[in-house]
Amino acid sequence: MRENRLKSMWGRGEAAVNGWLQIPSAWSAELMAHRGWDSLTIDMQHGLIGYETALLQLQAISTTEVVPLARVPWNEPGIIMKLLDAGAYGIICPMINSRAEAEAFVGACRYAPEGYRSVGPTRARVYAGDDYQTQANKTIITLAMIETAEALENIEAIVSVRGLDAVYIGPADLSLSLTGTVQVDYTDPDLLAVLDTILAVAQKHHVVAGIHTSSVEFALKMIEAGFQLVTVSSDSGLMRAAAEATVTKMKGTVKERDDASPY
Amino acid sequence: MRENRLKSMWGRGEAAVNGWLQIPSAWSAELMAHRGWDSLTIDMQHGLIGYETALLQLQAISTTEVVPLARVPWNEPGIIMKLLDAGAYGIICPMINSRAEAEAFVGACRYAPEGYRSVGPTRARVYAGDDYQTQANKTIITLAMIETAEALENIEAIVSVRGLDAVYIGPADLSLSLTGTVQVDYTDPDLLAVLDTILAVAQKHHVVAGIHTSSVEFALKMIEAGFQLVTVSSDSGLMRAAAEATVTKMKGTVKERDDASPY
Amino acid sequence: MRENRLKSMWGRGEAAVNGWLQIPSAWSAELMAHRGWDSLTIDMQHGLIGYETALLQLQAISTTEVVPLARVPWNEPGIIMKLLDAGAYGIICPMINSRAEAEAFVGACRYAPEGYRSVGPTRARVYAGDDYQTQANKTIITLAMIETAEALENIEAIVSVRGLDAVYIGPADLSLSLTGTVQVDYTDPDLLAVLDTILAVAQKHHVVAGIHTSSVEFALKMIEAGFQLVTVSSDSGLMRAAAEATVTKMKGTVKERDDASPY
Amino acid sequence: MRENRLKSMWGRGEAAVNGWLQIPSAWSAELMAHRGWDSLTIDMQHGLIGYETALLQLQAISTTEVVPLARVPWNEPGIIMKLLDAGAYGIICPMINSRAEAEAFVGACRYAPEGYRSVGPTRARVYAGDDYQTQANKTIITLAMIETAEALENIEAIVSVRGLDAVYIGPADLSLSLTGTVQVDYTDPDLLAVLDTILAVAQKHHVVAGIHTSSVEFALKMIEAGFQLVTVSSDSGLMRAAAEATVTKMKGTVKERDDASPY
Amino acid sequence: MRENRLKSMWGRGEAAVNGWLQIPSAWSAELMAHRGWDSLTIDMQHGLIGYETALLQLQAISTTEVVPLARVPWNEPGIIMKLLDAGAYGIICPMINSRAEAEAFVGACRYAPEGYRSVGPTRARVYAGDDYQTQANKTIITLAMIETAEALENIEAIVSVRGLDAVYIGPADLSLSLTGTVQVDYTDPDLLAVLDTILAVAQKHHVVAGIHTSSVEFALKMIEAGFQLVTVSSDSGLMRAAAEATVTKMKGTVKERDDASPY
Amino acid sequence: MRENRLKSMWGRGEAAVNGWLQIPSAWSAELMAHRGWDSLTIDMQHGLIGYETALLQLQAISTTEVVPLARVPWNEPGIIMKLLDAGAYGIICPMINSRAEAEAFVGACRYAPEGYRSVGPTRARVYAGDDYQTQANKTIITLAMIETAEALENIEAIVSVRGLDAVYIGPADLSLSLTGTVQVDYTDPDLLAVLDTILAVAQKHHVVAGIHTSSVEFALKMIEAGFQLVTVSSDSGLMRAAAEATVTKMKGTVKERDDASPY
């Protein structure tokens, strides 16, 4: 089975730089795939992407060696399994707030006896190799999003779920849940302490910690802190900022503002 | 944040005339959006519309000031949140039969602490404005369909759920559930009495009542009764009837009949 | 090979009632196909339809016995042959102004030695039967649009092109060319006389005459005059008018006007 | 309402030969529909097919008399009802492991009072006829997949659910669950005995038994054993094997191997 | 008819800043439309965009006041007219090398008697208003690309074609034709002199001059020189550069280089 | 620039085995790409494939090392250049009957001064490398279809066009033109002699000869004769034949026949 290079990097203690896709186009996905990211995540939750486009984007990413991940809209087995069968090498699942939710999520990603994923890796086998079915459980990665006070409370119960590879922090929802306002690239010491806590618990259980960020600076800081998967902006966020900068320079004035959110 | 004109109309005590989209095309959606409806509902339940087309239709509607609503296929958080992030200004959720179901539905439409919607209004922010995240909870409208005997029994418990803006009556399912046969544009006094009951309970709880109809006559009658959201036919229903009338006149005979249902 | 029912009707001296598709959706096409039209034309010229949707619409029409026609964007062999291979049973070609243009058009629709259509009726053979290639030249119909002063001048040279089955009048372009203003459902005696002329020349050469109209009344009048293919409105025109009527009745006022043109 | 020919065949004690669609294309679906299968299943679980393509494939199949079935990604009411409204004449639901799951599945396929399917058969009525709503409960077929040890344990409780028409065996998942390895076209006597058991229990409850196979030989054997719905390979499996054979013959060597799985 | 703001700007002697779309997505188009460009060009020549996507992008742009333009793949009447009917407010036509080619191009954009565009502005009328047909000839703009030695030789004959609004310089093709190598943002004095020549001839004939550039600096310089339409980069070019910069900063090394071309 | 492996094979005197795509799906294209063909041709002429699908198929093929070719619908510069910009490594152009047509075709594939292809290889550069523009003229291959009596008459004038790499015989059209009936895998000595003639003239001018066939046997015979590019069947042809064989074996009878044509 084709190596999961993200898992290999993690095994070597390295941090991966993840790109993020929200534009529903196989061409923008292919263009992003040639930019040097270690992995690319097709965001089916907040990105404007449905299953049929996600499939085409998985093909586009497969023209390179970049590791294809997908974030699903919700913790629902149907779409999780469809994306794995289509060749995603890892799934990011939003809003995992309890051990039961984490178990349901991880189970959907694993063949029996470790889980309840149904056998039929139609495109995955073409992408990964004929031994996919026997190797997938140890190759495919599972990432649970930690983004509520409830999840924080249950963090130890969540990260200790057998088969969970990583937690991925959603800073906007997490800060909204904890403080009532949306924050990203935290500066608030209390929120930074929360990140430390999650990281420490994850590391204790040999689970990787990842985080969504809005700037290279914060992303690098997070890597230094021990996070091994960081995302910086997205296809549309990068395009929007660059377009705005260009128009501003051309016009000497910004006509309108549309702040990027980390999601 | 861009005003929700439907909510404003309701606040002024007015009734809104809602159009209904079942054809999976952004062009038919744009054409309908220019016809003068107060709102247009993308019907992802009984309409032949998937997420990727719904997104394009939301864009098409946004070429006008018509309020974009969507009916989801079922009470599932993934699709509800995706449609809100894509810019729907209200969600109609079918088959809300209990308080718990109503709470789950409304929660999916509201950011913490009022609900559990995840932050990331990718297109919604472009459509509505940069303050979307802080204003959405009081701008986006939630409409629970009342269409079973069980819902009728629980009507008070449902309409009293905090954050529910409206109930929307599905007369076909409701009559099937209550009488065993499908009826629309009720004439049966018992069914009309049921409408009165729902309306009265809704009004008591300051919740708007809406209803699906099959004729201008019945729709006007419902407005007079106090309903503040009425739907008359759909894009395909209108086209079908007009085409049939044209062929009939041309041929002097109807070759085939395909009765429109209100859904 | 499956019968071309339009050709059979014409052979019996009957007039056919043609429906018109401008909405890019296979579902609206299927709905229209069940309404009793004798034929349906996929309008790739002024309709908002590209090749990939046209193919799906040909499939949708094939769920019924309605004869599938297509109007091409222009007299270009590539798209004409693609539509025939996809199963169109007739092609309406716009702006045929000279004998040379008519020959180029008809040649693209006919296999050698009658024309230069390339062999490969991939879907056509599935739709029509295995003897398609040998029978197509006498089954597929060709319709040249007459819609300019130049075409009128060359009408005899055009209708006498071997293999041309019908002329189809585009009243909007024709009136613009002849009078400088767009008219449909002519009342001007001079324009009506032009229709008579075209009809007479066509009939003299055993070529069918068809015409685009905007009302049942004018269409019936044209049939009475001898036209054997009439179109009345379109999928979107019918939907638009019906929606407008509904909103007007509901609101007591027309909010906006968007006159249907016959094309 | 249009007859469900599969149900009629079963009523006459016959076995049906089912084709299987995994390629997301309405054209490959139409081509398959002309090959003589009794029914065709659109595989939305392991096939690379989303809702919007499934709809187009249902139209493509409707150009013939082949019975259209769909396998849903998971036991979720939203997608089940959408496919029925789009005209599927039967639903195959994966991973039915308990009576409760079977009841939830069957209920989603039946109108009240037999189930909780919502009324609005938009395309189904066009495909099947105007009496669809009153006849659907006895015409549409429901097929529960039996593919785990748990399901085997609960087989009697599952097949006795009122309204369940058939069980459909997924041999790959079933063998993985029972033996830890994926097997198809069983030769292991213990697994063959399991098939016998399921068949016997199904027949006892007047429920049809179907099975997925990988070869004509095994499929014929299963029919002889009493199975009344057998699937042999799929559109992509057939294409892949034929392409591989052609290249091998041309090149005198197989360049790469990509074993077909039954799913 | 809705004003063509580009034409108004030109009338006031202003220069317009044009954005460029090469990603086939209605969402990236809508995002770009909110960035403050005066106009956006859908590039159907070198962009990866077919007609069906172009239509959706025209809708997306119509959610704003940005002027929608399209560059066609070639000087072919079919696609030019389809884009105008879909609501493009101007057409950029590549490789206009002679007066005859310019006349054919402009004629395709103008209704009789000024040209041979066929009447049927299906979406254009909805976008622009009911008087579209009578006002279009003076509202829609035509832009001929000057990008070969032959065009340069014929520049006076080209710009004097009645109805041509602007020339648009393609520096890559022009330099390849003149010097044998591709250059953009010229520094070579001979090439800069060619730009001056084209600009001077255009201005003499009251035709606007526009140019494609690769940097804000060169674009501003061109505006200062008298060009009234400048394009800087594209959706994909901006995204690519920003992504590359991000990865470089994250990784401390550029993994791969993929230079943007001005087209 | 990425090597054109077909050109390399030809340079070594080898014959290439070409696969053929007619199903409009990126997934069937990717499946075919993994089967060991030397090249795959996206058939936009008789295949049911439009530009937007062709682009996705080029991406799917790029997940492997298979050389991507495309057959265009007709000798029209717009679509030829679009496919090259999208990454096709060679173009097959139908119905090249004269030297002028061959020159127009080849010119559309070559940058100045060898041709008139416009610069802007948007995806081609990502697929092939940053030096694409300077290397494309000698890397991209051009294949002119010889398929009429007229072409045969002009064969020497055609193959001597500078920049033409290969001729590709379309046996169905060629036999129809020469004999009045469609034949493939010729047995008629006169037709076989025609193949010899074409091959001899091509070889004399150092131009490769290729041919479409319907069987491995004839394809191998053609390779032995000196043809260096042979196509055997297509994705849909292979699937259809395999499905038919399966149903026949299952049912003991062929229900219907739908002969594959070589195109």
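A, B, C, D, E and F are the chain letters, set down in written order, and residue numbers restart from 1 in every chain.
Just so we're on the same page, a contact is a pair of C-beta atoms (placed from the backbone, for glycine too) under 8 Å apart; a residue touches a chain by one contact, two chains touch by 3 or more.
Everything quoted here is computed from the prediction, not taken from an experiment.
Here the chain-to-chain distance from chain A to chain C, counted in touching steps, is 2. In terms of the stated touch criterion, the partners common to chain A and chain E are B, F, listed by label.
Looking at which positions face the partner, chain C and chain F present mostly different ones, since fewer than half of the interface numbers are shared.
Of all chains, the one whose mean C-alpha position sits at the greatest distance from that of chain D is E.
Of the two chain pairs examined here, C-D and C-E, it is C-E that is joined by more C-beta pairs in contact. The distance from the centre of chain B to the centre of chain E, with each centre set as the mean of the Cα atoms, comes to 42 Å. Chain A and chain B have Cα centroids separated by 34 Å. Chain B and chain F have Cα centroids lying 52 Å from one another. In chain C, the residues touching two or more other chains are 24, 27, 31, 34, 48, 50-52, 55, 76, 79, 123, 126, 236, 258.
Inter-chain contacts, as defined above, occur between A-B, A-D, A-E, A-F, B-C, B-D, B-E, C-D, C-E, C-F, D-F, E-F. Touching chain E in their complex are the following residues of chain A: 17, 19, 23-25, 27-28, 31-32, 34-37, 48, 216, 219-220, 230, 232-233, 235-236, 238-244, 246-251, 254-256, 258. Across the complex, chain F meets chain A through its residues 26-27, 30-31, 34, 55-56, 59-60, 62-63, 123, 126-127.
The touching residues of chain B, when paired with chain D in their complex, are 22, 24, 44-48, 50-53, 72-74, 76, 79, 94-95, 147-148, 170, 172-173, 176-177, 180, 182, 236, 257-259, 261, 263.
Interface of chain F with chain E (complex): residues 50-52, 55, 76-79, 81-82, 85-86, 111-113, 116, 118-123, 125-126, 130, 133.
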